[in-house]
């Protein structure tokens, strides 16, 4: 009577498709009466307690409802298809006018009460009182336990929004040791034939298995590897804040006499701060295992913005320096160095306008305006380089 | 006794309207006792199991409570009117002083337990213990199962806020195959006679049908095609952000000597960023099937704002160029090209003020100020064109 | 035994106040036993089924808890006082040592199960198992069914925040036709003696009635007309945004040479945008029956702000016009027209400073500065007029 | 057997502390069987119905969980200690081997079902099925009914954040008149020995009493006077917005030629608007009994800010007035008046620099610049005075 | 039969691991029938009532779900392992074919009903009806009561975000005095072998103990000392707002003639205000025991920003002072003092440019420009010092 668990599902499907129902209501009613009289649903099936009860389990995922990084709430809807043999539910179809299958409400039978051990709110069992168990004359019970599972799943936001998360539904069969009740997953993955895609998460992989924990109890695990779809985040977060942050450096290109450098800088800085308010609402507060790299990037945008403002103030002071105050030697040399590089680039122009006397004595006639212009140029290049470096670092760190 | 399902409803209505209730409390009490003694509500009606039980179903929509794009929660209130024959509930009115109809609480009878298979929270059955089933002497059961249905409905936000969504309530009759219980919808649409309009969504169409899924189970489907009413979104989202974004380009019309160009630009950019904070709160994070076109438009507003700022900085540098630095040839030609077009437009003016010598040698006397003015004009036209192009693209992509 | 329903309440009150309780616990216990033995609570009272059962109903409102325009959730707490005759609960006080009244838990008796047909969440019946029904020896049942009712109420936000809403609690007595159970409201309004005022809503009127719907079922309706208290909205919404919006026009009064016109305008525009973020959070998204007039006003503030900015840019261009470019004829005439109006107003001044030669040749000597000043004046007046017009329109449209 | 209610508690405590439990499980089991056989928990204790049942009640407050001004939700956790005599639960300890006390689950006994009549959500009874009633051999029942009470409490926000609120838990004993069941509070206040302080609210006073309402029903009232702790609100709301608002007036001290007056003003105004967004989120929408004074203060900050901006524009126009336009007489006199007051203050300086000729002819040589300076001074003083007046008004109106 | 509680766990583990299950379903069924017949689950175990029932308790923490400072909601998931002897559940394994262990659903047995006395919402008991109790033939009951506990925990936010909180789950065994039921914790800490780390909180320490309160009742306490992980808060809160606040002082370094000082200051002030909106959303409103130091720091940033703006206005007035107005003596001395300090620093430069006549007569030729420059320098230094002092104070006050 004990078949290898692997074949049960197949047999079941064959039986159902070829079913001819020739019996009457009275016959089925008699089966119910005969089976349930004296049935004690507190006791597990299995006449001989030496052998464990084998339970064949599959998980059909319907949909991922929600995965909230802040609260760690992970909610999926799915069906556990469980089947097992209950010897107390065996009958002879011949005695009941070929009644070979029936449905019995789940609260009248012993059920492998999978209890979710990482629930988000309260402990819930599988199924509901509305669900019936299909029972075959051989005692094979087939239970499709539909359930919305809410579990705790601590996210690792390090690579947000390019992250991959692992979330698992974990169950105990309360009150039974592995040598009493034994769960077997014929497939190593959750079955996705009835799955409808989630807008944010993609299922990279899934796993269905059992594991024995430190206290000798068997945990039933249905785990999902979720890969975040990144299109939305690139469009809504990365692009806007990057394009605004990039602007900051351009302050050095503004003519110093325009009198708008500081206004430009501070307004852009304010825009970054405003934008941060949206992004920080989406990032969880978690510091463990890591603060998200995006968080570091954002703070680096704000801090480097503040530093830039200081540099612009310095630049303005240079431009406003009284011309009678001589430029120190060290700075003069730096400016000349800078001027030479530009000369190398502007090979066409200098020929007429600056030829001959440029290298001779103008080296020692560096003005504060020229120092300022040189300073601006260096700062601009530095800020652009720093911006690209930050972005590149982020991309390389978050890539899998 | 088994009537075509189509006529049941009619008969029912006739019966109810012509009802003369001449019996007493004792008669009705006797009917209850006689019917329910020995009634096993775990077993479906149908003496002969060869034929399936036909269930006649209609869905009366009361109201759409909520459809939250973020969480995918779709909530409707409605009534399932189900009727079927239960042979165990047949009685002879003559024996009971013409008692031909009675009400029996729903928890005492077998019911076709429609189980919602895409629930948002938990599995719920139809109706509640407060609801009674109307039973006619012929065994015809009439069950008005009032329920608030909360289902998951993944929205496609691509065309937001000009989107049309399809949401369905899906049910299984748990524990029964299609050859055991068979659901028939006499109408192909949900009945809207008792419906009160929703402020956001308009019901474009609805569908009531049954479908057999890959595993051979029959799904009962009540689907709605919802069209978003767009007035609010045009007034509150599209108009304000568009009118602010349009302003950006006008920075090029500001006299460069006013010293307010950069301030203008950055403050407008900041306003766009602030406005984004409202809009992005309303857009779901979904990247599947598509990021919303509106999201792309918004990011293009911010990015093109950033690019504009860079162009304004360039324009300011041109205006501030030292006049002793000659204008390169290529730029001179561009400016002349631009000047000619303006001449074509200003046919009246040039006659007195610029006649004769304009085309002669002024071509080669293009000043940096003129270059700047020409550059501003081109940028202004480009920005307006780009703005209109963006808006047109959005409108054409989101139109059905 | 069947009294006119109108007198029942009075009789009840008299009975209660004159009550002398001379019986013992044993007597009352005997009454309970005798009444409830064989009592079938599934069957409605009324020996003769020819006549309907009359139910006398009153609604005592306790408080309005919440009315959320966004979700359409309307929550009130109140008591339904229902009384009816149940002939099965008649006893002779003389036989029970003058026991003339008793309390029976509500779950042991037949109750008119009012089912709320526009519930916000789930179907709930009246009362709770903690509540008892007071039963008089004559069979008169008195049931004070305390309940918090959560119903859906679609708001019409057109006139927000000067709106009046109508919200109704609607009930069916499930399973009974009007010729079986008949509900009568002795008063046409809800009773407010125990009502505590709500901070936001004022009850303008209420209605208690029954209505027969298209399918012949009787709906029991308790409706409330709610008038919003407007003080808060005027102080917190209308005043601040109006005073900021009004400022926009003053940009034209700023001396053009101050170089702050654009900065002023854009910062004020930004303030309006920021203020919008608060207000739009309070407005529901509904477009049906109408977008709120306030929404239109707000968008008109933003749009007219944007238009004003464009006009200020034009004004600045006029002020910065090179003086060698002559003022076109049409504009000259407009300015003169404007100058004359000012002369009419400034009757004292012109006599010394501008007399004589003003009208002679200065007409043709209109400078760009004068054009700009005239343009500013016109724009200022227009903007103030438009602002007042907008506000007046809003007030007139939202007044009842 | 009927003791004065005042002594019951004491006797109880004595009994408990001196308890010697010498009986066995079998004895206690026999007590349970004997007491509960034939016990009808629907009937109140009291053999002779002529006298009401006295119930001795005390309320031990554990903690105030929440008091949300917006929704009016007031949640406390506490224990009702109720004791009464149930003659049906009297036994002779001698017959049961000195078993003089036992615990009986609350769902097996008659309980004074206190029903909360101002619940926030649903009607709940006291206690839970997990709780037992301690029964003494004399029939004295002691019930510690632990409960989290959620009630509606309409706040009066007029003096926010210096407000004191009164919130009450109100109960009916459903189904019983005061001449049947009578509740007595030995103490007039809730007992706070087990209370843990709340971070926001301080309990100023409490009251426990019973009241007969207009319909003759007895209301059991446990009321709390809550005083808000103000430290947080002063630090987080009042101080920051006041210090920013105060800044506005300083605009008049800015040198008019700095060209930053308007920018300063509008940015400060924007900061106030941004700050308002936080504060208005914390204020409820209620207009009844009063809009909060803080709300009026906030709107006055915004409006007076707007008016200040207008005055600054006027000031700028004065400063920019063409010097050839003469200053009107009335203004000249005002300025002279102002100048004299400054002279009175600057007694030391004027002696050398302005002596002699000041009063002679400079009176009639008042320039527009001087008018502007005088106007600025007056406006500055006015704005500071108005600011202090507003703050003083607020403080005086909100002080108790 | 009564073993020292310390050894029970060990014995249990040995028994389970060596278990050979040789009995049949019928044997186990017989055990159930024999044990539960006549079992009264309302009565506690313990034949002789003289001795209390000893309950051995351990708490295994699974995860900390949430600790919300605002609402004071602290939620953990864990298992209470309770074991005790119930003499009524003793059987002789020999009589039942060596059946030495069985599982009985928890709702059929007496359980030590731990009732949480600081629940966040409602009273809940341990476990659920899905959970079974493992019973050994010796009467030893082993109950793994899995539960999500939601308790109130008032946070002390003084040192936020460098705070350590203490939260405790508190239980009563309702209806039993310590001399009746006695709880013993073999370990003094919660067991963390199955614990998964929380992203925000680190468990610094835990405690499991029992305590007798003022009324003589025994409280069972499971307490946790939680240390906040600070990385996130430093990166997201402290760093950005500090770097922006630091900028404020740099306004004094801006060349006064740039005309951007005020704009710079106010925009930075606005950025601080915007940033405050994020931070204040994260801080609870509590004023008891203390307002958070961070709150004081934030308000000091805003206030000192406001003061700085006033100083900048003063500085601008000094710079714009007419040169004909002489500098007062006291100020002159201050400036000279300042100049000398700079001279001491600039030892190299002064030799050529300012030597000789500097100290002689320039002392009395201090210009307003020099006064302004000196004032700026002092203000800058003061602001930086004040900023560092504030930050240092914060760090020292929040360090444990």
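Points worth noting:
Chains here go by letter, A, B, C, D and E, matching the order in which they are written, and residues are numbered from 1 within each.
The working rule: a contact is a pair of C-beta atoms (placed from the backbone, for glycine too) under 8 Å apart; a residue touches a chain by one contact, two chains touch by 3 or more.
Note that the structure is a prediction, hence the values are computed from the model and not measured.
Chains that touch both chain A and chain D are the following: E.
In the Cα superposition of chain A onto chain C, the rotation angle, rounded to steps of 5, is 145 degrees. Interface of chain A with chain B: the two copies contact each other largely through different residue positions, with under half of all numbers used appearing on both sides. With each centre defined as the average position of its C-alpha atoms, the distance from chain B to chain E rounds to 42 Å.
Separating the centre of chain A from that of chain E, both taken as means of CA atoms, is a distance of 26 Å. Residue positions of chain B with contacts to 2 or more other chains are 259-260, 263, 267, 270, 274, 277. Contacts from chain C toward chain D in the complex involve residues 16-17, 19-29, 32, 62-63, 65-66, 77, 99, 103-105, 108, 127-128, 130-134, 144, 146-148, 193-194, 196-200, 202, 229-233, 235-236, 239-240, 243-244, 246-247, 250, 253-255, 257-260, 263-264, 267-268, 270-271, 274-275, 277-278.
Within the complex formed with chain A, the residues of chain B that make contact are 40, 42-43, 45-50, 71-72, 87-88, 113, 115, 117-125, 152, 154-155, 157, 174-177, 179-180, 213-216, 259-263, 266-267, 269-270, 273-274, 276-277, 280, 283-291, 295-296, 298-299, 302-303, 306-307, 309-310, 313-314, 316-317, 320.
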